[in-house]
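In what comes next, chain A is part of two complexes: it sits with chain B in the first one and with chain C in the second one.
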Partner chain A sequence: MAAGAFAAGRATAADGEAPPAARDAFAFRGPHQSGIVTPAQDRLHFAAFDVTTGSRAQLVALLKAWTEAADRMMRGLPAGEIGPVEGSSLLPPDDTGEAIGLPASGLTITFGFGPTLFRDEQGRDRFGLAERQPSALHTLPHFPGDMLDPARSHGDLCVQACADDPQVAVHAIRNLARIGFGTVAVRWSQLGFGRTSTTSTSQSTPRNLFGFKDGTANVKAEEPDALDEHIWVAPEDVSGGAAWLAGGSYLVTRRINMRIETWDRQPLGDQEAFVGRTKGSGAPLSGGEEFTEPDFSMPGSDGPVIAQDAHVRVVHPDFHGGARMLRRGYNFVDGTDSLGGLNAGLFFIAFVRDPDTHFTPIQTAMAKSDAMMEYLKVTGSAVFAVPPGIGDGEYVGQALFEQQ
Partner chain B sequence: MRKPLLVALVAALPLFAACTENTDRSEAADGGESRTITVTSTDDGCDLSATEAPSGTLTFEVANKGSAVTEFYLLGEDGQRIVGEVENIGPQLSRELVVSAPAGSYVTACKPGMKGEGIRDDFTVTASDQEPTAGTDDAAVDQALESYEDYVQEQTEQLVDKTGQFVALYKAGEDDRARALYPDARTHWERIETVAESFGDLDPKMDAREADLEPGQKWTGWHRIEKDLWPPADGYQALSAKLTFTVDQVANGSRGLLEEVANGKVTGEEEIWSHTDLWDFQANVDGARVAFEGLEPIVEQKDPELADTLESRFAELQKLLDAQRAGDGFVTYDQLAQDEVQALANAVNALAEPLSRLTAAVLS
Partner chain C sequence: MAAGAFAAGRATAADGEAPPAARDAFAFRGPHQSGIVTPAQDRLHFAAFDVTTGSRAQLVALLKAWTEAADRMMRGLPAGEIGPVEGSSLLPPDDTGEAIGLPASGLTITFGFGPTLFRDEQGRDRFGLAERQPSALHTLPHFPGDMLDPARSHGDLCVQACADDPQVAVHAIRNLARIGFGTVAVRWSQLGFGRTSTTSTSQSTPRNLFGFKDGTANVKAEEPDALDEHIWVAPEDVSGGAAWLAGGSYLVTRRINMRIETWDRQPLGDQEAFVGRTKGSGAPLSGGEEFTEPDFSMPGSDGPVIAQDAHVRVVHPDFHGGARMLRRGYNFVDGTDSLGGLNAGLFFIAFVRDPDTHFTPIQTAMAKSDAMMEYLKVTGSAVFAVPPGIGDGEYVGQALFEQQ
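Our next item is the complex of A and B:
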């Protein structure tokens, strides 16, 4: 059985770093970070960190250590060089051990930098990076209906760990957090199950907790031109101090609670009218099947057959200058709230070339006129700059810290 | 709450019909396949799998094979009276029409492109042992609508009156008296909230909470005053026009008011400064109950079990609210123990779930 080989890989990591089978391992290094166009895995553990040190050198040391550990874990190896059970019995192991015997499980680890890494709330330069802060990297404006919990929002750094096995994703965040003690502290973290988007045409469209297919119109890995146009930061976007971000992207997270119980009481016809698609096949109400382009001008009995406030219309690229996102969100259920209702919804993740043009206008339109908003409550929000990928011998974010 | 399908559904009070996709087919199955009729609507055709069916609950499975949005109607013998309709069927999509049809002669019509008379044909329903009971007489419907319109009218008048008093007190600096009147005046808004929300921007002007605002939007209305900073906007005049309703508007309004309770009041989100959430809670429940009670004679005929359930669930919820009464009003939300909030939330869910079936029941 395949898992045995991986177990051996982990166990013998110290002597020769036996590579696990490549079929479920992605490369950590490359022109772009992994975990963006990588076919969306089934599970998520996302963590935001605050930097607790004032030392730039310590911060750089952490990024080097994180790079090392992330590279190893994505290969299916233990976080540390010694391993979970191979070291001294007098020392705590340098890997926490819950992934012993588990394959790489498609793990990707993606790092990002929040606006507060560059300047604190008073606008002070924290680590000599202020002049390198990209102009689009700023806290999102307040959107109508936002009920943000500061304890679920923002952060200096972020780590997105995605894998097909939840234990592998949690193992990654847990070990990175542990490596960070003294330099960073976890501000918040979010578990997700059930990807709500496809990032590859090879994947079928999954459903969100409203029961509808989600992310049908996502930018996909097989669309290189669209990725350049909508997802990757181009050199001309970030001249001067922010040049380090070219080839990177921006990551927006929104913790969108669904008012599940109320939604479930809406008649099917109303649910479909709010979304603008049929619940079964996901076809737009203007007809056809899932991937048929919606016809927003097709007349219906009372106005267009896809209503003016239908979600699919309000957020469609046609009404936002063609702006598209690469969505990579996950369903979440954090148990129940104090009244017995599901504390559940969509942990929205989008990668965009510029949040000011590719996220904020769409979110504003949605908050203002989307019929679905009645059943949503946004409780968390954050934005990060995702540096480009790195080559051999480099550490994540090196261009930011060492840019000439 | 939002009701975008309202207008489309009720243009002609289809009291004997409901269009739905998630119908319980057990009845149809009991009566054999003949009670399920497939309809293929094309740009120039309307093909039915049968032109005859036994009386009872009939299911028309309408598939649109044409290129434009289509509609399907079951009409009375006169070709005028709408027995049932299903609208907005996009190309290559399918929807179901479920109707309870007594024996008689009917007319079917597909309307590709939603234009003209449609492509019509005769349809016969033969007598069977599942003959539906007589439909609701129009008088019962008229009575229900009239009493609800009167209720809305009366609440509107009191709303305008008490709001005027409240504003006068606030402007005069009589803060204690204004505070005392605040939950009372709002009661009349909350009782008819789903109606008030149908008036353009009246709701955001009057009832916006701080978190609802977009950047640059001027904050006006109740909650601004609640925070004791700003005089109110004038806006209630728009309400004074005489309103008319359809039965499913009334039924959906009842459901919507309970959603308001579930989303804002039971959680204490509505009145974060004054904590007078239970006044709003009671007012929403009042409005929902009045709407239900007006329709109750119809529901009792169509679905007696649902009528019984709703009646007892309303009573159970009211009992919990009554336990929180203090003086002329209620204790404030911050005085509620967690287990009391939980009990209220449970009772709201217990009522809201069957209440979500009210509209379909009165239209069935």
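Our next item is the complex of A and C:
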């Protein structure tokens, strides 16, 4: 998604302030949804919704309204045509106002459909969509170490809002929830205060709350062949009823609590051995710099320099048929846990072509044999099918609802 | 607190990156603590701690270690002298590393002492400090509408970390908690993603999650007389044992959940009537612009233009003996509540010379008669005495522990 060049800024307060510059606005419409290969923004508000209506028509109406509002907000405009303060004093505004005066701030809004939108837990077809459920769209298996909180897992729909200003990301989710009142309810939501991934070679690699660079080996926007091979759903992946998903992707979220107090008491050398990289530069322990490929066979004083249970080895594409992901995770701190530690960690987000081949095997290996697992506790999990982008006049998910 | 001019930047990664520019560094030492009149930064991490030791010597040692670490981190240096990656691989680092390469980012760290540091709930003197407890330092009374969560209220110590980069604020709290392991435990912590107050005339007024400008009438750094009258504790306020607090202040926190889904369904005119200001410019409903004084006697079609229960009237200094506060609040979103709404609102922070005169009467009036209260639920509350600033070689709270 290249940066768009929109002339319109967000409607401003009624006091005559000039509209903000329309910088950092990305296009909502295109062959793929925004917020995937878009250079990862600094802040996240992610929400999963449950559909509370049984009416397919209401669900479609919501997706149309969400499309319109998302397109507007990504341009830096209010969520609705009237705006936060310009309308009748007798009516609720069609924008909540906390983003008045703020620019688009690189906002992207990305929509996904969960397995339960197609079939409920009893297998019933909720909206006449069961025949169109992609075979790879199913609840992830239980992994060792999962301690999932149902109130932080799953969902019928998801919206990922990323922006450089958290007020803009929160404003987007809040207004979409407002628009959905009576049709959907927020099932869970998650703020991320700092990105832990880079999705473009133009970005530097940030650090997670273990203090290590994260996402070094990510698939990036500048790798079109890798995107086609690992991220975008190909037409041949989704025959028959699921054809609507071609050009889309799958989104996996994992809320990974870090036992940071315990981690902080580990020697530096042990931390680096768990990760398989140096803490400073992020270079593999086999040498070089951050982007040097690890040499897993290099001998050390006691086995290989990069241990058998080092994170970088356990999840490396060399041991998973070359499978790679596009990660878009964020650091989070959600107050305090019951033991007087910070409730903190990594809200993992990955986009993959097929969770069964590109996520589950890697996660299984990690859960079984990654040294880092001793310091992790997975408290939330979800998977969504991310429909492809849309053209003018279309709404998000139109192909799902209207394909012949 | 003027911006300092420190030459040293945070130690960087071992890969030879240049140190970041030492911009936006504030001085930790001075007549008052930083983080009060410092121009309000964009992001907050606030933590309350319980002291888990009975040893006064351990508590003093912690305050010395916190002083050293806070001074370093505000300069953009690692929390400890060795740093995150430069030490022995056999020892845990003395900095956790997630802020490697990040500048000071305007970080301020502000410390406070809660009532329970002086006397426990049974009134027992915990650390030989009971005689030095200021008379105004006591748990706030119960207010109508309070639905306090004990796990989000009170505390023996508090640390307010504000910065323009949330990773820097989180890093500060996390490292202070790490240093305090065995002496203190985090009782609760709160992230704020967006400031809702301005503490300097150089700043524009931001918006809270009701979509309104907040903090227009704040006491600001450029009002030295008002600071002396309303914010700083004067020597005559604290005779005898409490003399250590002269030049300090009191910090009141209130975690105010907003019923934003209900608010969003109110007509614009009603929202403005509740607040007593326009949503666009923030001008009082009696006219003018944001900083025009409200005219509470101006007649409207049905009573005064600014209603009797309008927020701006109920809390206005004119009706509280001229009492003003220095507010430093932040918007928060902490996921979802059990009803499918966003767990969101305002984490209110105010600094006042005396909570009994400058907070409790105003909060009482608000709780009893403010139209806005219908949309608020207070879920956390705390009060702390904020000692004055310190000079070279001193530690935070030294006057409390060592005054004769």
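Everything that follows uses one rule, which is that the second predicted complex is superposed on the first by the 383 of 404 C-alpha atoms of A that agree within 3 Å, B and C clash if a C-alpha of one lies under 4 Å from a C-alpha of the other, contacts with A are read in each partner's own complex, and residues count from 1 in each chain.
Here, a residue touches a chain if its C-beta (ideal position, glycine included) is under 8 Å from a C-beta of that chain, and two chains touch if they have at least 3 such contacts.
Note that the coordinates shown come from a computational prediction; the quantities given were computed from them, not determined experimentally.
Touch criterion met: A:289 reaches chain B and chain C at once. Look at A:224: by the touch rule set out above, it reaches neither chain B nor chain C. Using the contact criterion defined above for the overlaid structures, shared-chain residue A:31 touches neither chain B nor chain C, since it reaches no partner. Legend: residue contacts after superposition of the two complexes on their common chain; A:235 is shown touching neither chain B nor chain C. After overlaying the two complexes on the shared chain, residue contacts for A:142 are found with chain B alone; chain C is out of touch.
With both complexes superposed, C is the one of chain B and chain C in contact with more chain A residues.
Contact with chain B, but none with chain C, is seen for A:367 once the two complexes are overlaid on the shared chain.
In the superposed pair of complexes, A:278 makes contact with chain B and with chain C alike. In the superposition on chain A, A:265 makes contact with both chain B and chain C. 261, 265-269, 278, 283, 289, 340-341 are the residues of chain A that lie in the contact sets of both chain B and chain C, per the superposition on chain A. Those residues of chain C that touch chain A in the complex are listed here as 13-15, 43, 45, 47, 50, 84-85, 87-93, 96-100, 151-152, 165-167, 170, 173-174, 177-178, 181, 185-191, 193-194, 206-212, 260-261, 264-269, 271-272, 278-283, 289-290, 331, 333-336, 340-342, 344. Listed in rising order, the residues of chain A touching chain B in the complex are 141-147, 259, 261-262, 265-270, 273-274, 278, 283-289, 292, 298-302, 305, 307, 309, 338-341, 364, 367-368, 371, 374.
Interface residues of chain B facing chain A in the complex, by the touch rule stated above, are 1-5, 7-8, 19-22, 64, 68-69, 71, 87-88, 90-93, 114, 211-215, 217, 255, 259, 262-263, 266-267, 338, 341-342, 345-346, 349, 352-353, 355-356, 359-360.
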